[in-house]
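My questions all concern the structure below.
Chain IDs A, B, C, D, E and F follow the sequence of writing; residue 1 opens each chain.
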Amino acid sequence: MSTHLLLINPNTSPEVTADVAESARRVVSPGTVVTAVNPEHGPAVIDGAYDKALATYGLVEEMQRAEREEDYDAYVIACFGDPGLDAAKELTDKPVVGIAEAAIMVSAFLGARFSIVSTLPRAQERLRRLAELNGAGARLASVRTTDLGVLAFHEDPEGTLDVLEAAGAEAIREDGAEVLVLGCAGMTGLAGRLSERLGVPVVDPVEAASRVAESLVALRYSTSKANTYQAPTEKVYR
Amino acid sequence: MSTHLLLINPNTSPEVTADVAESARRVVSPGTVVTAVNPEHGPAVIDGAYDKALATYGLVEEMQRAEREEDYDAYVIACFGDPGLDAAKELTDKPVVGIAEAAIMVSAFLGARFSIVSTLPRAQERLRRLAELNGAGARLASVRTTDLGVLAFHEDPEGTLDVLEAAGAEAIREDGAEVLVLGCAGMTGLAGRLSERLGVPVVDPVEAASRVAESLVALRYSTSKANTYQAPTEKVYR
Amino acid sequence: MSTHLLLINPNTSPEVTADVAESARRVVSPGTVVTAVNPEHGPAVIDGAYDKALATYGLVEEMQRAEREEDYDAYVIACFGDPGLDAAKELTDKPVVGIAEAAIMVSAFLGARFSIVSTLPRAQERLRRLAELNGAGARLASVRTTDLGVLAFHEDPEGTLDVLEAAGAEAIREDGAEVLVLGCAGMTGLAGRLSERLGVPVVDPVEAASRVAESLVALRYSTSKANTYQAPTEKVYR
Amino acid sequence: MSTHLLLINPNTSPEVTADVAESARRVVSPGTVVTAVNPEHGPAVIDGAYDKALATYGLVEEMQRAEREEDYDAYVIACFGDPGLDAAKELTDKPVVGIAEAAIMVSAFLGARFSIVSTLPRAQERLRRLAELNGAGARLASVRTTDLGVLAFHEDPEGTLDVLEAAGAEAIREDGAEVLVLGCAGMTGLAGRLSERLGVPVVDPVEAASRVAESLVALRYSTSKANTYQAPTEKVYR
Amino acid sequence: MSTHLLLINPNTSPEVTADVAESARRVVSPGTVVTAVNPEHGPAVIDGAYDKALATYGLVEEMQRAEREEDYDAYVIACFGDPGLDAAKELTDKPVVGIAEAAIMVSAFLGARFSIVSTLPRAQERLRRLAELNGAGARLASVRTTDLGVLAFHEDPEGTLDVLEAAGAEAIREDGAEVLVLGCAGMTGLAGRLSERLGVPVVDPVEAASRVAESLVALRYSTSKANTYQAPTEKVYR
Amino acid sequence: MSTHLLLINPNTSPEVTADVAESARRVVSPGTVVTAVNPEHGPAVIDGAYDKALATYGLVEEMQRAEREEDYDAYVIACFGDPGLDAAKELTDKPVVGIAEAAIMVSAFLGARFSIVSTLPRAQERLRRLAELNGAGARLASVRTTDLGVLAFHEDPEGTLDVLEAAGAEAIREDGAEVLVLGCAGMTGLAGRLSERLGVPVVDPVEAASRVAESLVALRYSTSKANTYQAPTEKVYR
């Protein structure tokens, strides 16, 4: 019996949705089917808290539609910032995996310290807090940001690979990073080549999360309904 | 020249909006004008992450409308969970104050350890994280929850005062709380009487935040645009 | 091309070795082959630091033999205490996964707080430190110990299931656990039935680690040789 | 009914006492009266633990005299180091506010990370601990010290403004500070101009604390006598 | 060449001064000479922050007199709260040891978790912070307080031994303490008998600190003057 | 009655064993006798986790032989990494002191921040974790590594003193270290001269631990058998 994953890209750029689907399909087991969607409305890219707020709204709508109309085995939230992750866990008892939490966890198996390589400088503090929230504050060597936007990776993979290589090399040399984590869903697909250039493991968060989600299904684990992630209580929605 | 505060109640219950406005007016200086609004759409109460996601959407819309059409001096987000606080700070350079962050900060001046008394048990872990996020993990004696919903306080103030008194007394006796923080905007207006009954300071988060917001204006402080809370970058919103 | 995992049970009880192999085979993908071994010399069970020291010696010998003579794709250290994990990572560039680190990580996807249910009371402080070391200190609701030894689970599964149920129920009710982690390799195989009885996800560390190890291979990640886990330097061994 | 604040400058430099009074009066509400005093005996400036010990003695004497002879509504301890803050809270049930705790708290509303700009290098570790003690360790970008003494600010405001600007600019550019906190009561009055030069909010601790103290009175909060800050027990004082 | 230690009891009770001298002499090496003093003025016992402030003043005077007039090799501050420890370190380059820091450090060698057994409940939060400040937050099992004052131990050793035994037994059974630390200088001399009754090591802070101070002299270590503990800068003292 | 200490050097280099014995004898009291041993088998030096695993095996054998055949009063584990410390504490109720834990603790009495100066860069992360595990994370200014192996110090003391001086000077100037800790047993004997050159206290871990062990005996403290360090349970060792 095949496993069916739904990747929800919370931004509204279909090219990113296509990219994350391709990445997921590259790493899952033969029997696993991957579907990827994005909300109709919301920001084309998510690079701040305002965008995250809007995108979360679209994401929960997609979650609700999926729960109502389909029968997915697990969900992946495909934005490095894990927007709406807690809300999504309330809406289902299937496993839900954020790509940031997955990538940060996976990095722990590969080396003693890691750096996140991401987009704009304004994300630095948020990514530090995200690492802290996921219990990785002591392992975080640094957050290295570039000046590239989310879509740059899709539009110019070669150029951005060079930029990522430069940022990653600094993280290794100056900050003591032993593993790199790509801090943006839009960077998906570049980890293998970046790893070859830099000589350290590079975690692609979309790939890592897809494989984690598939594994949670295989392990027959569900989202606990014991307390924090109970279904929303009955109330009026206006 | 008078100071004008906007309180945004992110839930859609006008009675809560009225209550928080009344509380704010009770504590601000004579020259300060208080307006309170709530979104038209969204949950009537917010007691989980799904509700918070929906409410945040309504909240940022209210923030944008206010920034576009009015000239407020500061904003207060009137839900103990500070939904959309980071997003709101991106949308303005005026001070923005969450009632949870304000209440948690204010409690530090009054005693060495505090407890949050709140609504449903499912909120426990989230409130602990909120305290931790606001740097108060070491001061937090406990989170004590009741089985009352957000609107119970409005509907039956006397009965809920008794429930809060019981929970607060346990926090003081068993957890070592020296100060209590009311962990729900809906509880506003009860702090004075609860404090009299229990003999310790009880922080009303709506009152505390309103007074903090007014003070930030008087001190001429603004939201820093240096990095994390920069205005959203230009992008397509579909 | 199939993936080949080696599970090393660091204790010298062949029945535990057989149990962990069976668990791993139950959860891996069809193409994955599982081999399980244990050292010839060392303690029959590991329930303290002295035993861990002896078992680590046997474990690194098994690792070295495997690296020299075989071509495994990844290694799993099948003792909840992760003995020799750092040493093993120095000896290979293949992924190495400890069952405790894997179970603790996996629990993060399933609920907000978890408890470890384990063997003797003397392990309490060590398991707390292990959770802390793996970045899960803030998520750890409690360590609940029973008075059962490591082999009890193999000898009397029904009786020990009752004991685990009692300990787990206390963790849920009194400590706020939303997920349980079985804190001993010897408990493997009981998670499914325990989860049914208690109504929360129960993580079997052997199953979780096996699936994680397989996934790291599928993701083409290796152990970083950048710094901490470099191969041992040249030196005299007497 | 007017609010009456007492600012206690724990050093014995009347020019600093005059400066802090002027700052407080600049920011409080029209109805609030500010009195400022300093001990007769003790160090002219406080730049180490020995001075702090002596100044604390003078400070508690001033607190006791004020409690005995006057009827202040709240107290502000006007030295960035909060000497005697715990002792003062034992001596009254009126609110007592340290200028460091107030400034550190207020900075949280304005940006994600802050730096303290202070006097001599020897204060670095103490200010780091002070931030940590006030729950702001994770938000602290850096402590930047100059080589200027406490009285330099009073004697040469223009020259010291240049020094502070240089230190602040480094904190913003190299350490990621989004908000600055002036780490010395003697620097009071310079925040507005420094903020204009640097483009980020600059918190004047005397102003912030005065406004916080006034607000605590308006909110009718008192110092909790539940445990830690009980009045001193009866005993012999020789 | 003999080593000469000065114990400064910061309270003004000569019977406590005599007791701490006796304890120190019981544990130091044959060649070590112990002198004990107390300030002439100040509180007879120290059980709060106000008393600590007054006692610190007396303590620094004693330190200054000792540095000026005598040639001690090291100093011990004999009050569990380490009043004036930082100030004292500024006043000398000889080693200075607080009895709380010494006892907390020494407890680390003896067991994995410790509890402090102390005097009044109001000290609980302060002792927790003291453990945290000394890096022992993770090892601290609990602070157990009795209702006995500082001088009770001197006046009725048998009765208080029973009270301490009861509190210690609870710490062991309910909090998981493996080592106890006596949290008051006045309790000195009771550790041996308490340890026999309870079956775990009990650290006498006066004994531990005296032996640590003597060892620092033997090791030829001094107080670093590199930064934090530099001598006070030149200034006017009024 | 004389005190008898056993120093166990876990590596198999007799010249290091001789060096640590000499250091211990230099600092203990006249009546204290020092014996030093090393395992027959194992790595000549320990500079990684694999070596540590092998050395721990040899160390516990030496501990068992000593407990069975001799009557030592306390044990010192003479490798900066404290291999087998927990195992050793299970095997005896005499005090057991690791040289890293002792040096880190002792450094707290001497200055506010310390740096560890050690051997190869690969040790950096492990030494940071060791400091954290010993409660010194907040005091750790930095880990400074050189490119010298463990035996370099024995073979060329003058040359390595220069290298240590350079690393130490950087730690003081750039990282704010006020105290240095020598992070390798092989460096023993150099602290005094290094301290003279650099002007800050330099802690020799072998000397510090030997003196601490002797003091624990004088204080009549034992290793707690209450929980974590109980003797190994009965079981089969194959």
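Throughout what follows, a contact is a pair of C-beta atoms (placed from the backbone, for glycine too) under 8 Å apart; a residue touches a chain by one contact, two chains touch by 3 or more.
Since we're looking at a predicted model, the values are computed, not measured.
When you average the Cα atoms of each chain and compare centres, the chain farthest from chain A turns out to be E.
The chain with its C-alpha centre at the largest distance from the centre of chain B is F. Legend: contact pairs of E-F compared by residue number with B-E, B-C or A-C; the interface matching in over half of them is A-C.
Annotation: 30 Å between the Cα-based centres of chain A and chain B. The geometric centre of chain A is 44 Å away from that of chain D, both derived from CA atoms. Residue positions of chain C touching 2 or more other chains, listed in rising order: 112-113, 124-126, 138, 176, 227-229.
This structure has the following touching chain pairs: A-B, A-C, A-D, A-F, B-C, B-D, B-E, C-E, C-F, D-E, D-F, E-F.
Chain F meets chain C in the complex at residues 12, 40-45, 47-54, 56-57, 59-60, 84, 86-87, 89-91, 120-122, 124-126, 129, 133, 149, 227-230, 232-233, 235-238. Listed in rising order, the residues of chain B touching chain D in the complex are 27-31, 95-97, 101-102, 105-106, 108-113, 134-139, 172, 176-179, 192, 199-201, 203-204, 207-208, 211-212, 214-216, 218-229.
Chain contact summary for the complex, chain C toward chain E: residues 124-126, 132. Of all residues in chain B, only 112-113, 138, 176 touch chain E in the complex they form.
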